[in-house]
Amino acid sequence: MDLVIRNGTVVTAGEVCQADVGIEGGKVKQIGQGLGPAAKEIDAAGKYLFPGGVDVHTHVDFELLGNRSVDDFYSGTVAAACGGVTTIVDYALPEPGQSIQGSVEAWQKKAQGKAVIDYGLHPAILEPTQKIIDEMAEAVADGYTSFKLFMIGLARFDELAPQYLKVIAQAGRLGALTNIHAEDQCLISYLAEQFAAAGKLGVRYFADSRPRLVEGLAVQRAITMARYAEAPIYLVHLSCEEALAPIREARARGQVVYGETRPIYLHLSRERFEEPEGERYIGWPPLREASQMQAMWDGLRTDNLQTVATDHCG
Amino acid sequence: MDLVIRNGTVVTAGEVCQADVGIEGGKVKQIGQGLGPAAKEIDAAGKYLFPGGVDVHTHVDFELLGNRSVDDFYSGTVAAACGGVTTIVDYALPEPGQSIQGSVEAWQKKAQGKAVIDYGLHPAILEPTQKIIDEMAEAVADGYTSFKLFMIGLARFDELAPQYLKVIAQAGRLGALTNIHAEDQCLISYLAEQFAAAGKLGVRYFADSRPRLVEGLAVQRAITMARYAEAPIYLVHLSCEEALAPIREARARGQVVYGETRPIYLHLSRERFEEPEGERYIGWPPLREASQMQAMWDGLRTDNLQTVATDHCG
Amino acid sequence: MDLVIRNGTVVTAGEVCQADVGIEGGKVKQIGQGLGPAAKEIDAAGKYLFPGGVDVHTHVDFELLGNRSVDDFYSGTVAAACGGVTTIVDYALPEPGQSIQGSVEAWQKKAQGKAVIDYGLHPAILEPTQKIIDEMAEAVADGYTSFKLFMIGLARFDELAPQYLKVIAQAGRLGALTNIHAEDQCLISYLAEQFAAAGKLGVRYFADSRPRLVEGLAVQRAITMARYAEAPIYLVHLSCEEALAPIREARARGQVVYGETRPIYLHLSRERFEEPEGERYIGWPPLREASQMQAMWDGLRTDNLQTVATDHCG
Amino acid sequence: MDLVIRNGTVVTAGEVCQADVGIEGGKVKQIGQGLGPAAKEIDAAGKYLFPGGVDVHTHVDFELLGNRSVDDFYSGTVAAACGGVTTIVDYALPEPGQSIQGSVEAWQKKAQGKAVIDYGLHPAILEPTQKIIDEMAEAVADGYTSFKLFMIGLARFDELAPQYLKVIAQAGRLGALTNIHAEDQCLISYLAEQFAAAGKLGVRYFADSRPRLVEGLAVQRAITMARYAEAPIYLVHLSCEEALAPIREARARGQVVYGETRPIYLHLSRERFEEPEGERYIGWPPLREASQMQAMWDGLRTDNLQTVATDHCG
């Protein structure tokens, strides 16, 4: 062995045990008690040894509406590593008119020479033209096997919905997966205008202006679209029972639908928006009522949610 | 009495009984056995006497995409009267750019001097501009207390959804009711293209190309929108359990949602599309599986559907 | 006409209207405005005229566990008449070993010469022997077409359940209806002992010692039994959503299940048990949380409950 | 190491991998590639290495109604070992009037000197007297931490239900678990008599005479009882969606309910009863429709069922 880490509390997918871990050529080769001597030895007594974490949803080097993330791929992946994460999958967002290949090349440039851990990319599609749909096959061939759609914002999802449905179907045919940010733009726009007109501005109104059904309705709609596309979908950063219920129903029927939640939806609730620096907790969707944290834990426990990812954007 | 109709089987909202009906000044004044003599008497032995029917959903004089209905307000209301209907409520559809007042005036012109029974009008809104929203108050003052929205077609519902949501809210504030044609345009467009690409053309593919979830998803969405508009809605021509289920759920919660079905959804099923002249049965939404006829009867029986109307368009 | 009641506000099953009511030979013959003169006339201006009420669940002359009702068939039916009820259906309960015919004869004796309004009888079955099951056909032939079963108390329902299931099936074969008092004896016995052991005695603990699931579980069980008996059932004095939910589910499936509630479950809630004379509100099942009053109204509105009856026992 | 098993495909709770397994003092000490030499080595190339199986539901040496199992603890545990099972938990059933301690001693005698693998015992309770309830604490102290109740048969569950509820509550207070055979005796008795009267005898009628709701209703009832006992329960040998649905509902509410299914419910369906030797497939509950096999797999996949056990009784 090149390295033996001794006496740690080893956590694997199946158990937690006291053991040594033997590593050779950068890979775990042995787990057990009393492993033979190695070139290098580390004493991990009193410490946990975990597998490297995979954070499948990050935005480490990203600019939106004139705001740039404080991280780049160096600081972002150093931070990830410090938290035990050894792989991230970041979202590559295109410029207007840019091809899928163009957006992933741009993102590869951001990452190369900077990332200190493994990384992958999900290409986002903001303009579902036939040209872009045609580019998807090459992207999959290049190893980009998951695509991201946004039901809100610049993507003009409602207006272009039939084209986005073709994207989902094409991903399915290619054996790829469509990741979807599911919130209903109509309700968001309407409520934002209502709240503004009533002078209800500021972070303390954030959760009420974007209530749980905004998410629930969009998830329901995305699942129905995917059903007719005969393709799998993966719903990102879910926060509440209203989003979970249609997933549970779809999975019970046998539809291939996956769900992701974030640590903040498992551990924080909307009371945070009342704090002096409440805006630090903003994300889409918002933090919810405390009852929803348990709903998310239940979703994980029952395998209706499959992943926890950060949606990190510093 | 001016008139007594004797010995008929009288049907009222509450019972069916053998009785005479006494009429004075054009109104029913007495119901009972052995009513006194009248200026005119009719023997209705062996016949049923019903109250005049109200058909709240008609298009008797209507042109769409170059096709004109065969009826006008004369032939249409004569036909209605022959079927026992003494009031119709027809839909007034605007020309591009036309005001609500303009559309109802145009429709009044079609009706005046021709209608042989009572009639009312529902103004349809196809362009939800602020100008149109501002006109709604005058329309209500003029007695037009129900407005129609289309989630499909030229109305560009998906693109303009936040504005349509304002229409629903404004109707609620005015004490009026929004009638909604609920089918999901995205699924319709996608499936139509898929079916066409597969050469599945013709009326025998009609029901499959516009499946029940097309209706169910749109109803779900309309109900959620109305919930945030804090306004009542009335969903027209429902055909299936997928549409009924969200209404049932909404009404159980206390939301004010009404549903309408048509005689054809109670009595006919999609096998009709296999007939030589199957296109005679086309409507939106399509005829469904036979099981759905029972679902519609159950909806009426449990007061989750409140009206049966024809959507007549000859 | 023998009698005309003029100018009242007449309430029928289908409408409320201003009208005169003409009566001949003890029956309503005419309803209308300006009815002809009659031998006797009554001015009902400013008053409502209702059809006579039918109270299908009473115990006007009844002794249980040494306590006798204060009413007999005279005072009980006078009271009913004062409240607008012109027919009651009382429960005939047998002595140990008594035949169905014996119990209805005993009850007829109580009623004859005393009842001032119409009445009917439901025979109760407390010993589901084959002899009693054989007597049911004669009872139906004599006009006693509904039988009562108790899932609690002396009827030893749990022990004799397979025999009671035969009673339900036999009623179904005879075209009769089985009325069921549905509460779960096991939970009642267990909780009563637990509450007593904890010193939780007195009417303020009544509702908690007999919670809603006691009723819900028994209703579920009765419905499942009736399903295999292939016979209709009628569940008496329901008080809560837990009881209503399985009825709703059964009726949606097409099973013939009817439900009854009481005025007290529509208008009073368990806070009454905190009053100084809280024991005046005792009944089986207990008054429930205020939320359940709405649930009962919803049950009536949606035709999942079909009757309101008093279960009067003075 | 005493022993190294080399080159096998090792299956653990968390993964499947190619590895050697090192054993010392009868325990697995190391898993990995290239483990050091041992006193004894076995080549497992091309073979799977599993952890020893635990079959938590067996009746290896059991007599019921004059029929004795063909196995004893020797042949039964040899058979288990041949199938990879290294621990069984057998049910100890009392003679009439026998104490818990008496029944487990009798069962220990059957096992001692014969069992070739590890074993445990679940004491069954067929007479829920206060004396037996008092004995439960000693049984738990002796290591018998799970008790078995039968809702059918000699246990007279329906008649003694309040006492059985005390058993469940007492188990909960002792930190023990109550295992329940959930089928509804009333429906079984009624249907058996109906089928016999109709001449529907023989194994081909077995599944219909004991339909899925027999199981579903009993599971519902057991869960409601446990809810008031504030104690966990474990429902044995579940076969159908009707049994699974109330467990799913209870677990979603947070109630501690566990479910077990059997290999035969995962792999066989009721068509087997049509075979010439169909009686070989008899068990309680019966094999179900093929659709139910998938329901059981879904139960396991969603963690609503937690164990697969054989209920082996040769």
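Here are a few things to note about the model shown:
Here the chain labels run A, B, C and D in written order, and each chain numbers its own residues starting at 1.
Convention: a residue touches a chain if its C-beta (ideal position, glycine included) is under 8 Å from a C-beta of that chain, and two chains touch if they have at least 3 such contacts.
In this text the structure is predicted, and so the values were computed from the model without any measurement.
By the document's definition of touch, chain C and chain D have no common neighbour.
Per-chain CA centroids place chain A at a distance of 58 Å from chain C. If you average the Cα atoms of chain B and of chain C, the two centres end up 40 Å apart. Shown for chain D are the residues in touch with two or more other chains, of which there are none.
The chain pairs satisfying the stated touch condition come to A-B, A-D, B-C, C-D.
Contact residues on chain A toward chain B in their complex (touch as defined above): 158-159, 161-162, 165-166, 184-187, 189-191, 193, 213, 216-217, 220-221, 224-225, 227-229. Of all residues in chain C, only 12-15, 22, 28-36, 252, 298, 301-304 touch chain B in the complex they form.
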